[in-house]
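The structures come next, written out as structure tokens.
Consider the two complexes below, in which chain A is the common component and chain B and chain C are the respective partners.
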Partner chain A sequence: MKITRKEFLKLSGAGLVLVFGGRELAALDRAAGATFPGGAKPRPRKQWAMIVDTAKCAKEPGCTRCIEACDAAHNIPAIPDKAHEIQWIWNEPADVVFDESDVQYLDAARRDEQIPVLCNHCDQPPCVRVCPTGATWKREEDGIVMMDWHRCIGCRYCMAACPYGARSFNWVDPRAYLANPNPDFPTRTLGVVEKCTFCSERVVAGKLPACVEACPEKALLFGDVNDPHSEVREVLSESYVLRRKPELGTGPNIYYRI
Partner chain B sequence: MRDKFWILGGLLLFVGVATLPTWRDWETHANTRPPALVLPAHAKQCVAPLDFMRGSHMQLLLDWRQSAVRENNPTYVAYDGKTYPKSLTKTCLSCHDKREFCDRCHDYVGARTPYCWNCHVDPALGKGAAR
Partner chain C sequence: MFLFEKALEGSRRYQLWVAGLVAFIGVAFVVYLHQLRYGLGITGMSRNVSWGLYIGQFTFLVGIAASAVMVVIPYYLHNRREFGRMTILGESLAVAAVTMCLAFILIDMGSPTRALNVILYPQFHSIMFWDMVSLSGYLFLNAIITVNALHAEQQNLPLAGWLSPVIRLSIPWAISIHTVTAFLYCGLPGRMFWRTAVLAPRFLASAFAAGPALLILLCLLARKLTGYDVGKKAIDGLAVVVTYAMLANVFLLMMELFTAFYSHVPELTEHLKLMYLGQGGPTLLGVFGQVSLLLMFAALAPLLVPRLRRSERWLTIACAAVFTSLWMDKGVCLVVCGFSPSPLGAVTSYVPTLPEVTITLGVWAAGALMITVFYKIAIAVNAEEGAEHSPTYEPGGARGPVGSAAHASQAGVLSSPGQFPASGDGTSGRDRR
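Moving on, here comes the complex of A and B:
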């Protein structure tokens, strides 16, 4: 069989399209999925979220019950050195939590109001994108940004990527600062990163996160934002809320009711 | 047979070196018999048949870890229909004592103490740093 020059070119062109076209199309598809907000990427079936009612929270100045409950449930060491501190949920003054433009004319007292902050369990978590080992990932079934401490190699890329500073690194052996570890939850070791897991171990057992349960003012509300009939959505349908740094497109799932 | 001295001497040396561990144990009165493991008093059955546990408990634990942490499936259904949480501390150590059971066998077979205990807590140690 003889092939003309023209046929040869046609055939090799078709071959190239066949081989590379599929790949390019797939890449295009992925890129379309990654756009946010309102992109084509489907949200997880369920998305756990939290609403922090700042007015209710402010009724108990100096209260740290949510933090204490979390620390006890997850064996979080009390390390006095600020540079080595481990935090899953902690307090920050309002002017640190929110954008300067949101609080610029607030009274000094209101600017200093302590507001709890934690991992935002983002829709598009930057920490997950950079993790080289899959030690942190966004769960399909409920949108929790989960940690697998067995895979964490301590590279701290996730800490650099997180715009909220929600991750802590174990610079020292945490067991040295735990007088009496709670056997129900493993401690961590030197050299791994940790953060809030939305109490995945409690949620899977049908319980509320430890911080939500501990709040005396019921200022923390936990629920599924993808469910239009959830309590969370009910509150969101009638209140003004702020989220932290929404302009970054991470899609935080912690809402602050103002 | 001019090399008799070298051959016999060499053989003797070889036998001596090859059996060195035996002599050392004899000298230090080491016990080479398997440790008598303390079995739980309140249970007759492990989470899987004995043979399987002896040979594959490390694999079982890794499977548990994978499915509990990464697949959000924290409950193990045993071969006899009983259910257990997939947890070192809450399950294995509810029947077995870490030091009297796990550690003694690992010492005997020369397996490193699993690094799991760097994080997973042995409740028997209670106060202070649980190692």
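Moving on, here comes the complex of A and C:
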């Protein structure tokens, strides 16, 4: 009996599934599809992504509307001590966000331009790889990197692994710093890690993420990057974009249009 | 518990020491309860430096635990009988060190009540899972070996045959615990300071210097306090191990420095500059880095001169320098430096707080207590066995249960209970003078 390479891949894939569990199956399937153009098409799967239009964002200097909307929606405590801050989406100077950008001769005003940063919901998230309990995982149906705040043991290995500083730890009781808690979203407890969830609770109800909705300049665009007809794909097909630290192979899903 | 009654009696000095340790552990435990209630916010750790002293101690102590192989290999594998009296001390040091490691991991957890989630939802792709497996396995192996070796010594019997494969297994296992610990760090994509292939080799080199250095100091202390002498040959042999391992460690460090500074890649140099130069003036991290580097070379100088290395006074100084240097390097700088600058370029200073230092010292006190009790038991068993049997193998020299240094050393070389019967016979004649 002669086994073709494709059949061999499928067989060894089935073996791997036995060892590593079902989660790897879909990825393997896609990989096989990509390697052999004649084979089955990769299974269509959503991957939520976001494009930050930095020019539009810069039109409102000092604007923090997206951050405020997120903080209110997700019960993010206002902890004055910078060391203990919880951040899901926040602003950083442009040259910090893009460490390869050359800003030495840029106008001081433009150099201070603030750019929102958040979890990149990576294709290959290092935080998920290192988590010892599965408290953070990449959701199969839409690619969101999720968090289970009841399973997290607070070892902070994910914080060491994240190359984007997108994860926050509850060093102190966050509930003491919540003025008006939103009853529709859980508050967190002491000693767990948290981060942006791409508003999984809103997306599931067909709504846009809170930050996207709140932006007065419509500088944030949200959509399925795996859908060739989506708006995000349309923008990506005609603009130069940057991603943060693409060289690390994490496959970030936040794009910055320059 | 097995032989535990031997730890309950002792001189007034012994009782005071144990009581002092217990009291300090109690204080540290109360501080830990406060940390549990208030959160890890009472430490100096922060959003940017999210691991600190606790994880640093854990990393350093895994090395101390692994370094027990440096006496296990010559004694069991190469049948070097002069290591006989030292081996039981090395193995029980490993047991204490692994226990301290587990304590530091638990203390560093934000939600320690959920610690069992690591077993309930095992993630095979997480290095932390494998670290747990390797550490608990190593603790288990060493506990079995230590208890059985003591038992054999007490009965003056050779080691049970089934223990041989267990001891052999513990050797690669020791290497694995520190390799896996290095993998915790060097497998992270965004942390350039750790993401180096020499991290695991350097971990092993520094471990095999720091661990045996500590063991030499403990052996000398044990002799001074109790008269239990591991023998000059064992000390000298281990001092050579310390020397080679420290040389390997310094060599690997030089490799890191060359690669970073000659290639001139900022991602590589910025961490090392923070560690050895500080930032626009002396920082705590910078001072630690510099002192650690200085002590590395200061320790090598006497170690490399055979005459000084064989002098106990110089060896004590060198071992203390090796231990302190590597503790500063691995127990503090390694972790803090990996986080500074942060992925977003922020340099956040990290200064451990008083509660954090108290809890850390509490775990070290618990380690000291374990060592005290283990050594007390081991030495008591040895003295008992020596008192019963010493006349048969050293006619002229039967003295008290804990004889003079010379007597004790002889007994160790000649009797070697706890060796395997078959392997022991071949060389005993050669060792007998």
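The rule we apply is simple: the second predicted complex is superposed on the first by the 208 of 258 C-alpha atoms of A that agree within 3 Å, B and C clash if a C-alpha of one lies under 4 Å from a C-alpha of the other, contacts with A are read in each partner's own complex, and residues count from 1 in each chain.
Just so we're on the same page, a contact is a pair of C-beta atoms (placed from the backbone, for glycine too) under 8 Å apart; a residue touches a chain by one contact, two chains touch by 3 or more.
A quick note: this is a predicted structure, and the numbers were derived from the prediction, not measured.
> More chain A residues touched by chain B or by chain C?
The partner that reaches more residues of chain A in the superposed model: C.
> Between chain B and chain C, whom does A:161 touch in the aligned arrangement: first, second, both, or neither?
second
> Which partner does A:141 contact after superposing on A: first (chain B), second (chain C), both, neither?
First partner only, chain B.
> Just chain B (first), just chain C (second), both, or neither: which does A:182 touch?
The first partner, chain B, only.
> Considering only the touch criterion stated at the top, classify A:234 as touching first (chain B), second (chain C), both, or neither.
The answer is neither, since A:234 touches no partner chain.
> Let me test your reading of the model: by the given contact rule, A:204 touches which partner, first (chain B), second (chain C), both or neither?
It touches chain B, and chain C stays clear.
> In the superposed view, which residues of chain A touch chain B and also chain C?
189
> So in the complex, which bits of chain C are touching chain A?
For chain C paired with chain A, touching residues are 38-41, 45-48, 50-51, 105, 108-112, 114-115, 117-118, 120-121, 123-129, 132, 184, 187-191, 338-339, 342-345, 348.
> Can you tell me which positions in chain A touch chain B when the two form their complex?
Result: residues 75, 139, 141, 146, 148-150, 175-176, 178-184, 186-189, 200-201, 204-205 of chain A touch chain B.
> Provide the residue numbers of chain B that touch chain A in the complex, in ascending order.
Against chain A, chain B makes touches at 65, 69-70, 72, 74, 89-90, 118-123, 126-131.
> Quick one: in the complex, what on chain A touches chain C?
20, 81-85, 87, 92, 96, 99, 117, 126, 129-135, 151-157, 159-165, 168-173, 189-193, 245, 248-250
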